[in-house]
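Each structure below is given as structure tokens.
Two complexes are shown next, each including chain A; its partner changes from chain B in the first to chain C in the second.
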Partner chain A sequence: MAQPLVKKDDDHDDELEYSPFMGIEKGAVLQEARVFNDPQVDPRRCSQVITKLLYLLNQGESFTKVEATEVFFSVTKLFQSKDTGLRRMVYLIIKELSPSSDEVIIVTSSLMKDMNSKIDMYRANAIRVLCRIIDGTLLTQIERYLKQAIVDKNPVVSSAALVSGLHLLKTNPEIVKRWSNEVQEGIQSRSALVQFHALALLHQIRQNDRLAVSKLVGSLTRGSVRSPLAQCLLIRYTSQVIRDMANHGQSGERPFYEFLESCLRHKAEMVILEAARAITELDGVTSRELTPAITVLQLFLSSPRPVLRFAAVRTLNKVAMTHPMAVTNCNIDMESLISDQNRSIATLAITTLLKTGNESSVERLMKQITNFMSDIADEFKIVVVDAIRSLCVKFPLKYRSLMTFLSNILREEGGFEYKRAIVDSIVTIIRDIPDAKESGLLHLCEFIEDCEFTYLSTQILHFLGIEGPNTSDPSKYIRYIYNRVHLENATVRAAAVSTLAKFGFMVESLKPRITVLLKRCIYDSDDEVRDRATLYLSVLGGDGTVDTDKESKDFLFGSLEVPLVNMETSLKNYEPSEEAFDINSVPKEVKSQPLAEKKAQGKKPTGLGAPPAAPASGFDGYERLLSSIPEFAAFGKLFKSSLPVELTEAETEYAVNVVKHIFDSHVVFQYNCTNTIPEQLLERVNVIVDASEAEEFSEVTSKALNSLPYDSPGQAFVVFEKPAGVPAVGKFSNTLTFVVKEVDPSTGEAEDDGVEDEYQLEDLEVVAGDYMVKVGVSNFRNAWESMDEEDERVDEYGLGQRESLGEAVKAVMDLLGMQTCEGTETIPLNARSHTCLLSGVYIGNVKVLVRAQFGMDSSKDIAMKLTVRAEDVSVAEAIHEIVASG
Partner chain B sequence: MILAVLFANSVGNVLIERFNGVPAEERLHWRSFLVKLGADNLKGVKNEELLVACHKSVYIVYTMLGDVSIFLVGKDEYDELALAETIYIITAAVKDVCGKPPTERVFLDKYGRICLCLDEIVWNGLLENTDKDRIKRLIRLKPPSEV
Partner chain C sequence: MELPPKVKNILLLDSEGKRVAVKYYSDDWPTNSAQEAFEKSVFTKTQKTNARTEVEVTALENNIVVYKFVQDLHFFVTGGEEENELILASVLEGLFDAVTLLLRSNVDKREALDNLDLIFLSFDEIIDGGIVLETDANVIAGKAGINSTDPNAPLSEQTISQALATAREHLTRSLMK
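Right, the complex of A and B next:
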């Protein structure tokens, strides 16, 4: 709630300032409002009272139903007055009071009279008020007048009707859609604002009719649009049309690009920026198309207006994610923005630089950031830390300076979210770059010596337990862990005990010493700590309770085979009795999350924050999901799961995507289905797959989905057999079959009888890249030289004419599905040659490294020299076959 | 959609607020977020110098006009550029009504007129009028001069 206004500070006293609303009270104002009922209305006084009512409403004051009704009724009496100033206030207060539907009737006749008044301004305002307060039935009655108003010669009346149309479209779309002819006329208006509002409304009316939108854009891009605001709308609609055309396979010269490019020379800055943004967001934008947009954005980086700098750097930041090299020309301008007073701009500049910088500039950049970090808020710091994490993964050789930076900021002051972001980043780096492990673990150990967040301490201890024992000198971590047992709260102490036990079990030489330490913990004041210590002592000591090493290993390090959510539910439902809780009774199937929940999750957590078991995505998640299905248990180890491939367009009735799971001699298609219609329940959902264009594959089995309620995704599976170890490829066409049942929306119950139906899905391909797992190497050169030169296979290929080198590199990368190393996925702008380093593991667990050298001649013909080294020479040959046939 | 228009005085008390499409329970959060943003950044800022920020998927453009700070929050088509355009019109209209960058007292004296201007500029989250001379006439129910 807003505070009542306070008296100004003493130093303002000389200005004799006081609030005209000082000491204002709702009761008193309501009393004053009786003046509206006077037979002789005093316009000035009434306006003052209305102002007070507005002030109260704007301060968040609420009126009871009775109060609001009383005020509303008295206000309606003011229609008798002919005073224009008062009438304007009356229109405003009626909108603010938003009367209920049964009260509206009192005022509609007055408003309808005003709507047909000869005074233009009465008409405009009456339209706005009526549209705010009426319902559908009344709207049909006044529709005729509204249509007239749209083509009124007074632009204010016309705009009022058009903006009303925009609001009414949300509640009564079928009525507003009938106004398109009038709205179309509005687009031809000579008034800039009418044109702007008409364009917005016409687009909303026709947004689902691609052809109509395309025609609209086509005619307007040729004609003249009067206001910069309308021009910006047109640019947005144009990009939508370009996207739709691309989705529908129209090839050749990109339509409307010339229009966008011409907007870069518009006199209004907002139009230029909008056009630049639209160009940078084009699908598959080429560097030739990008260049003019980047040039104007670069100019805006040094604009004196912060909004323009912000808009430019925000756009460049996005471009840097996909085309980092295109942005490098702006690096000098962006470096000067690091000291920008507006911290949002500075943060965007920093994160953009982190994306565009090359390996040699990392150190210099880190120096600049160190100074910058001390004076920004935590929320900005988190963005910077995330950017540094990505940078480190991109340039693994630079991990030392990045890790030093992270450990330094870890020691400084900061809130939980910020510290968690840093810890997550260090964990990610340790996992991705083996060389960084030992120093990273020591930084984490130092952090927990003085960490105020229990959650982070326990998570780090858990992580230490997994990674620490495998390092060259595990004993050096023990001191840090054991200190926790003395200095921390019970939760952390318990975690420390578990971690100690893991060290004791994994490192034989430490076992006796760990046993001594654990013995000291059995006198802890906390039950959990004592229990854990006792349990681990018996496991370590082999005192007969646990028989074999294997059992204790499973106990300490084995993953919980059931999803944690299911485990939690089962434990909650378990009632203490003679019968012990049986872990085998916990269901293993992962319950799918409702769509809404998934959306709400937003950013995918990484590092420590990643939930260990629940969602069935990511390789581990898929592996767990598949192993829980008995039919798939015999397929052996999962080699690779692809990213989900969409088989339906966005916003269709049923959303289906597929994940390809590759096993040695089987391929499992996991169809993730979502029903987006609240009034339907789907049952017996299955996918019929036609594999006539995939000769080496034969269907083995399929697993239908019993029930697919609204907004709660589920999975159906189809399994194919293929020759063992062979990277077979083929094309599959898919049809979704199901029984559809109507659901009563009020009760949520489905009807008993359903109708069989089917739904055609897009085709799906298994390609050679599906048999390759992206696995990076931290030092490509070392890895390359460690492989036998004898097994190297070299060949040269002509890739034909391409728009740019980048396009060719991307095509080869997509074809092979390998990990790019050492930042070689980024190609300098206008480069004529480039070397791309790739690494991966091919089916059969064969390590493969590829060095692809590209060159482009003056006619844009591209040649590639491909050198492949693999642990198995036949795989190196297979890679060449893939490229030759791709 | 322009999600919020908020005017506050120099110590962060709200003078006018308009929310559009923001659930009642989220308004308190926005109110305190904006006031804090102003307190952190508006000190010593020149009159009408625009500041800009983004928070989640929404944009915020704010400025200082005399003793009054003005905040606009928008999303989708109302990005930082459209909001800058809108705040420019709002500040022009307020200056016009008050005759100069207002002190809090002058602002409150002209409170009714300022509310009317705002009603002409932003209607339920959509930008309606953009010309200060026209707005000046409209709030007195006078037709625009070009008609």
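Right, the complex of A and C next:
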């Protein structure tokens, strides 16, 4: 038997660190490469040298242009050798050297010869090499051979041609598209891999033709695909087709679901997993569709193969975010995974359990996690902490055990990111659950006593300054804060001084003592600390009566009303002169940022330390944005901002969505516009609103957007007046008007002349739900009983046939726009009845509680009993009206 | 959208995390130092685990990494976070078994370095530009360990002859003991 190219059993020395490449040097190897030029090629020697060259490249060594060219030219000489082993190495090194197009010419003829060789291995590899280094013009020359190769009877050759086609499709699509017939033939191949590669290429060729893809999937799902890899691919294409059909409004029975479900019974685990995942990711998947997928995943959970357990728990973890009830059946298997050897699996199991757990299991879970926390890495711990934060928001009553857990892990060892995640979580809990405030603040105080991270110390001190003075006994925090002034670096000391001053300002009784403390800080070694102390002393000083200094106090302790960015630019532009800097001159409007700047921003810190992003979203953000616009300042307090509603389809020239801001007697529509055409600059962007179908509304004013450059969102506003405190509803049609200017993409400069144009947007509705703010209550029963039973209004409704109970519950929740309480938004699988608890605040600040009981009969008809209690009977009646008309 | 399963890299590191052979198919790590940093974090993260009997798996920087260790060699295959773990695992198993065949069950660093050409060829035969080319260890080993003096033998036969050679090697070794 012939010896393969193996240099085995040579006389190894018994050195400890033996390596054939010890002391290898680029210069020496390049010298050695001259052996390629010998008239009599020594295959063994040459292979060794090529291996050395490859080794150097692999270790990160790079060749200069000259060196690479030289090696490349001498390598081409090796084509004269008939040795197959050497030829394989030659192919490999040519691919690694990636020669330039003028060099490629040298080898094309040799490679083309190999492409037509009788030896399969030559044909397959020559195709792969040639397709890797070739350009368009050469490709047309060899196209004929490639088409032949696709239908070659040797599967290795066929696969090589198909895979090369996949790569070439990116650079020369028009050529590869001409191979459809041959590729089609490949799908029928008996070789598993050829089938897989052919399917991938055929789909890629047709990917922009929806109908063709759908036909392809339709014909293949009837079962001619044998290879597991090809089957996985087919599943991916099928889910894509399902998504497309849903997007294009084809309703009715979900197509191809049966195919996906049948794949759950495939013999290859790879296919089962792919199908299960595809099902869980279907848009609006119902619990009935989910069940078979969850069942196979549950079996995977107890597999001896870690990869299977990981895959299953990772998928279930995602499902738990949207359908926690569907996953509860797996909880027992999941709990045994907490002690899994593989920490990735254990962490995923924990976070899934935290999502699916109910109120009663929280304590038990926390106990298990405590044992587990000490032996996992920081990044896993952060995942757990995030899960606990959301758990706490979900079950406010359990804050005590969760807070204890957080404070315990806060005291243990850990890196910055981990500690920040914990601190952020505690801050969130303090904000969301008033009862947790005092204990949470004390935990934070204890933490800064021994905190090595300046950033966290300053952030916590700042937070204490905001929350501390409003607690029942503010004085107990003073000791912690003042300790910082003694023990910390200058940055923390300065932050502590500011916090002390805030206490002094907010709590009259503490003022004299704070003044004493601040006076001691005047002798600090650091400028900033001294300056702050002096400044605050002079503001706090005097007899304590509120006097002319009110303005400066507001400035120092209130929130800054101008965006920080604008403040910064204004200060930079300010030239020292006789005239003092005037804060009122700082523009309050949030500028749309230039494109370059936006990209540079990259990752932003979130949570505690995050500066408000501009343009802002979220209620606080909107409130700040609106109050910065003088025209809107008189409307009073913002009651509610809706989620953005898209007014354009995805991928149109101009993307517009609208946010409805509800004030007591006004409604502001905020149109967020994005220009997606790089060659255009839009100016004077305005929205013309036709309110003929909204009788109670009358337009007051509108605020156009001056300029809308490419990919830099901006806002236009339109304001309507409505009767005060009345939940008026109506429908509005919108048209975007603007002036288009051409932009030269190379210079980015716009032409002077523009053309007026308009663009029809979709209609917008103001509905009753817009007047309801989601406000949770921590104990629904108490809240319910505290409301007057006399004011209760009960009625029953038939909701007609629905796919599932969940769908009906969601429809009612969306209609009312209220917060679900005590986790009642999740419905057990296959449940026939369910009770949903909702709470909210209706316009006019009226608290409303709703108890909605759903029941489903055998024909899927759903009935609902709606019990409403509100502080005002008329509101309770209004809720019923909403439901009745919805 | 890229739908076919993609492999981002194959790594073969030694017991100190140093490169034996690596191949990257993705632009996620454009420079050598970025690649080395990735290798280091993969190595540190998996170092303490026991991946000697079963393929193990972990998530790292939005990637899924499957891995298996033998002697002083650590094999890794990386894919995107949406990738099917089992496909990655089949690539890893294909590679692992092919290398075992090629090195005649003497899989350690020294043997791998001695036969580095075979390792490079296995990489080349298992993945082409990120796309799975072949996962059957026998086929890969057959193609990579191609016979030097008999160029006209068809591939399928070479696979068998390769297997025979391995079997014979095993036999002689067990007799010598």
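Rule of thumb we're sticking to: the second predicted complex is superposed on the first by the 733 of 886 C-alpha atoms of A that agree within 3 Å, B and C clash if a C-alpha of one lies under 4 Å from a C-alpha of the other, contacts with A are read in each partner's own complex, and residues count from 1 in each chain.
Keep in mind that, in the parts below, contacts are C-beta pairs under 8 Å (C-beta built on N, C-alpha and C of every residue); 3 or more make two chains touch, one makes a residue touch a chain.
Owing to the predicted nature of the structure, the values given are computational and were not obtained by experimental measurement.
Participant: By the touch definition at the top of the document, which applies to A:240: first (chain B), second (chain C), both, or neither?
Facilitator: In the superposition, A:240 touches chain C alone.
Participant: First (chain B), second (chain C), both or neither: which does A:153 touch?
Facilitator: first
Participant: State whether A:333 touches chain B only (first), chain C only (second), both chains, or neither.
Facilitator: A:333: touches no partner chain.
Participant: So, A:60: does it touch chain B (first), chain C (second), both, or neither?
Facilitator: both
Participant: Figure out whether A:82 sits in contact with chain B (first) or chain C (second), or with both, or with neither.
Facilitator: Second partner only.
Participant: Contact-wise, after the overlay, does A:424 reach chain B, chain C, both or neither (first, second, both, neither)?
Facilitator: Once the two structures are laid over each other on A, A:424 reaches no partner at all.
Participant: One more residue to check, A:92. First (chain B), second (chain C), both or neither?
Facilitator: A:92: touches chain B and chain C.
Participant: Let me check the overlay on chain A: which residues of chain A are in contact with chain B and also with chain C?
Facilitator: 1-6, 8, 18-21, 47, 50-51, 54-55, 58-60, 84-85, 88-89, 92, 95, 119-121, 128, 132, 154, 156, 159-160, 163, 166-167, 193, 197, 229, 232-233, 236, 269-270, 273-274, 305-307, 310-311, 314, 342-344, 377
Participant: For the complex, give me every residue of chain A touching chain C.
Facilitator: 1-8, 10, 12, 18-21, 43, 47, 50-51, 54-55, 58-60, 62, 82-85, 88-89, 92, 95, 118-121, 128, 132, 154, 156, 159-160, 163-164, 166-167, 193, 196-197, 200, 203-204, 207, 229, 232-233, 236-237, 240, 269-270, 273-274, 277, 304-308, 310-311, 314, 341-344, 377
Participant: List the residues on chain A that touch chain B in their complex, please.
Facilitator: For chain A paired with chain B, touching residues are 1-6, 8, 15, 17-21, 47-48, 50-51, 54-55, 58-60, 84-85, 87-89, 92, 95, 119-122, 125, 128, 132, 153-156, 159-160, 163, 166-167, 191, 193, 197, 227, 229, 232-233, 236, 269-270, 273-274, 305-307, 310-311, 314, 342-345, 377.
Participant: Spell out the part of chain B that touches chain A in their complex, as residue ranges.
Facilitator: 9, 11, 13-18, 28, 31, 40-41, 49-54, 61, 77, 79-82, 84-85, 103-105, 108-109, 111-112, 115-116, 119, 123-124, 126-131, 134, 138-144, 146-147
Participant: Spell out the residues on chain C that touch chain A in their complex, using ranges where they run on.
Facilitator: 1, 3-5, 19, 21-22, 32, 35-36, 45, 49-50, 54-59, 66, 84-87, 89-90, 110, 113-118, 120-121, 124, 128-129, 131-135, 143-152, 154-155, 161-162, 164-165, 168
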